[in-house]
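Listed after this line are the structures, all set down as structure tokens.
In the two complexes that follow, chain A is the common piece, with chain B as its partner first and chain C second.
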Partner chain A sequence: MALQEMNFTFQAKGDYESIPEEWSHTGVVGSGDLEILLRHEDLGGKVEAKIVTPVKGFDDIWEKVLSKFVESNKVGNVVIEINDNNSTPFIVSMRLKQALAEAKGGIL
Partner chain B sequence: MMSWKELQNTSFYESPARERAIGLVDEGTFKELIAPIDKFTSPHLPVLGEAVCFDDGVVTGVGKIGTRPVFVISQEGRFIGGAVGEVGGAKISGLFQVALQLYDKIVDKYPNDYESRIPAVVFSFETGGVRLHESNAGLLAHAEIMEWIQKCRNKVPVISLVGSKVGCFGGMGFVCVATDLVIMSELGRIGLTGPEVIEEVMGKKEFDSTDRALIYRTTGGKHKYIMRDCAFLVDDSIEAFRNQIEEVLKMPYSEIASYRSIGSLELVEEQLSLVGLSTELHPKDSKDVWRYFGNENADQIQDLYYEDFMNSVKIRPRGGR
Partner chain C sequence: MRDDANISWDSLKRDRIERIQAAIPLVKMGKEVDASNAVALLETVIKPYDKVNIEGDNQKQADFLAKSLCEVDVEKIHDLHMVQSSISLGSHLDLFEKGIAKKIDFSFSGPQADRLARMIDQGTIELGDIHTYLELYARYFIDLTPRVALVAAYQADRNGNLYTGFNTEDTPVVIESVKFKQGIVVAQVNEIVDQLPRVDIPADWVDFVIEAPNPFYVEPLFTRDPALITDAQVLRAMMAIKGIYAEYGVQRINHGIGFDTAAIELLLPTYGEELGLKGKICSYFALNPHPSLIPAIESGWVKSIHCFGGEVGMENYIRNRPDIFFTGPDDSLRSNRAYAQMAGHYALDMFIGGTLQIDKYGNSSTATAERITGFGGAPNMGCDAKGRRHSSEAWLKCGQEYGMREQLTGDMPRGKRLVVQLQETFREKLAPGFVDRLDAWKLADKAGLDIPPVMIYGDDLTHIVTEEGIAYLHKCASLDERMAAIRAVAGYTEVGLSADEAETQALREKGIVKTPEDLGIDITKANRNMLAAKNVRELVKWSKGLYEPPARYRNW
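Presenting the complex of A and B:
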């Protein structure tokens, strides 16, 4: 019954970039949606991710989606915290890109 | 997120809580208090396996409109229908508390010239009332918020805004009309028991919750405006709500308080006379009441554009009937 909590650590290959501000928040925990809190922290280039979700048994997929996000966007020194409410992998990767764009001050 | 200028022309109905909060005050002045980074999430939801949210479904903060500090509370309807739980409720109560503390400080510092500086509280409702997962804590939060609204009386103006997707239902319906005045758009809805609950308990004959026209006739902005349950009816944009707040803040407090619907013997008598009217009139539909108050075009009212409605509508006279 209780909420699932997952923790992952990633390391982008080659160059990486953190977010300009101390933290940035995107999204609403609606049905099938999630919110993302990105926080700048010196982790020697690593990315730490914490996911809280009611859904059980999809740890591998979460890890793949997040690792792909970190690799393709060259993210480093960032803590990603996610509150999820049953979103699909596609929504997750879309929201992650949106969160990063907003953290960098970009307007979508 | 959109820029402040883009937000102004955005639909209030469709805007998420944080965008509403930012757009309602002057550009660049909004400062969120207990922001997502502080991570005050509900302690009750994880036990039930329900998703949590960093701001617990309510955005609280402070900004400025002209010279006035404005405390903004904005509820997020997409998170558990905007229902009020323990943490979100405490955030709301806390904001009222801070507003009153600021009021006292300002009165202390400018004893002869405080009227143009006193803070206001603006409450943008999008809620179904108590969060049932946190039953007692949620109810207690409602009671606390009501108490703070009473403590703000004759000091800090409290303004309700209703024009969001979920509307304002359940216990929060009471809270909403207990403030100094209510600003609505035609898409806003205020009620106690929501349409689907009425249908479930009393049957489809009593209230058909799939009949949107019926729902808007009974709980919507135009009806509430005719009944004086809302003081001002505005267009559906963040800017329209913002401009109306600005107008309200220019009024002397006595004028703001004249829009109250509870809080004195006269107002209780006024409400009771309306109960009396309903037993005499036996209205079958809101249209019967609209006609009673002189709106011969009751059948057309729902289809009227905002300007045409405002130019032709006759609202209930003060004092009851």
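Presenting the complex of A and C:
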């Protein structure tokens, strides 16, 4: 199946926080699931996201899900890389929250 | 005054006797007819334009008789009006292609839904009505009484008594309507024996018995492999248990078919136990014997289960748990779809299940433009039974919260059935679970239905559970408020994206919408490890080896 790549940049309003480690990896690219790599990088507070997915036509929903994640968790100076295999928007937001929790000390 | 000389009052009876006498040469002994004479028998006892029932239940199928009916001479038998619960087998529709049957009234058509839609579109089938099970049974006793019933049983004895055993399902209600209106009952059985384990249908309600060349087909329809339950389903199950089961103290329940409710069943011994809910919720069920309920039964949660039908592999387990299930003097399950549907309509506090689409008003349907699936039994449980007069804690509380009650009945207290839809905002292939307009409208247009086939109407729906939150729809005081509550839990679907943040916030403050956070549930902790059994093998272990899953579920 042809994969497609999407790139977005976000900036949380007000305060933001990066991840303590240099990088953190969670998840597996099973059917209906995804893997997430979070990387600490000095981007002047911005968040850069790169998504590779076989799903076409849902770019605006990816953008909304990621934007909400960045905003509600006050994320900044992080690169998010996602390899997706047909996850629903909810699974994406749940896995993002889990990835962030893990990167911040593995409270899972 | 009528001219009595020209009136006959027993034409049905005389017709029945004529048909049965004509079939006597085909009878081997007593009521027994050889399988090789099945087609000839049907050509003798059925007449053109008859209403005919082929027993096609949710699970058990009179498949040999269905196949035999397809082989009759269309010169002799044609234009039949089929009235039957389920269109499950290819042969049920072959009848129409051959011209043997013309019209159908039915309830459920899961496996044949695409082909049925095509045949209606092409004019090969004249569609009567699509019913719920209980509704169709009701019409058997009013204006859709079959002239001939072709039923299935496990065993017959030499006199023609029938043993329907584990899968009694629809047999009693079908035969009751046919036999007592001077109709004819033909039974296919897996074997003819000298002594039955128990009598489910007495011999004088049966006219002919055929030992079929092969045992009848049974579909394991209610087996859900816990290995396929997702984290999102676990989360919705946790939300439902905490935000609905515990909140209302729901004791009497029907679970729909699906992985969401299987997840709930498998969380009772773990998450339910953690919340201290044992004995306070989930004591009584009208339910098929779901294997996924085994851990809850074994942990002492369940007091009683009445079954619509059986489930392949659960025979021995049920035989050994007679305190929980309804069983006969032979110890095997007595299922009965008519009684279980009646129980489901009147004696439950809650129906909870899933659907394909919910519209912006809260109406839901499993219909798509290309498939006519019918209803089955869900609408009789997924509605507020207006004739209910007894009360229970859950029913009273839901009624007290009902936001439109005063506008309808003033200050008169009345309870309300909880009707809950568990809905993933997006299903596989990112098909949205919430839509502006149901596909059921397109289907109604295409198939020429009077009204779109709606499984559960918005005014009966009390709660929607999605990953985003629970909408307590019955608390709303107007349709506008309901629509806002639906938008609030509809996630990233088009319906959900039209939600207004301030409006959602106000609904949360009123307790009409509760997010996982409002319920005190950490979504990062919802995962499959919480399930009491994570695969079929663990279900077998919980059952102490009594559950014997079909081969396709055995991967160890």
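Following the convention adopted for this analysis, the second predicted complex is superposed on the first by the 106 of 108 C-alpha atoms of A that agree within 3 Å, B and C clash if a C-alpha of one lies under 4 Å from a C-alpha of the other, contacts with A are read in each partner's own complex, and residues count from 1 in each chain.
Keep in mind that, in the parts below, a residue touches a chain if its C-beta (ideal position, glycine included) is under 8 Å from a C-beta of that chain, and two chains touch if they have at least 3 such contacts.
Given the structure is predicted, the values throughout are model-derived calculations rather than measurements.
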Partner chain in contact with A:Pro54 - chain B first, chain C second, else both or neither: first
First (chain B), second (chain C), both or neither touched by A:Arg39: first
Partner chain(s) touched by A:Ser72 [first = chain B, second = chain C, both, neither]: neither
Touching partner for A:Asp84 - first (chain B), second (chain C), both, neither: first
First (chain B), second (chain C), both or neither touched by A:Lys97: second
Chain B versus chain C as contact partner of A:Thr9, first or second or both or neither: neither
Touching both chain B and chain C, residues of chain A: 86, 107
Contact footprint of chain B on chain A as seen in their complex: 1-3, 22-23, 25-26, 28-31, 33, 35, 37, 39, 52-54, 81, 83-86, 102, 107
Interfacial residue positions of chain C with respect to chain A in the complex: 230-232, 235, 424-430, 466-468, 491-492, 497, 523-526
Interfacial residue positions of chain B with respect to chain A in the complex: 1-3, 16-17, 35-37, 39, 41, 45-54, 76, 78-79
Chain A - residues contacting chain C, complex: 32, 55, 58, 61, 64-65, 86, 88-91, 94, 97-98, 101, 107-108
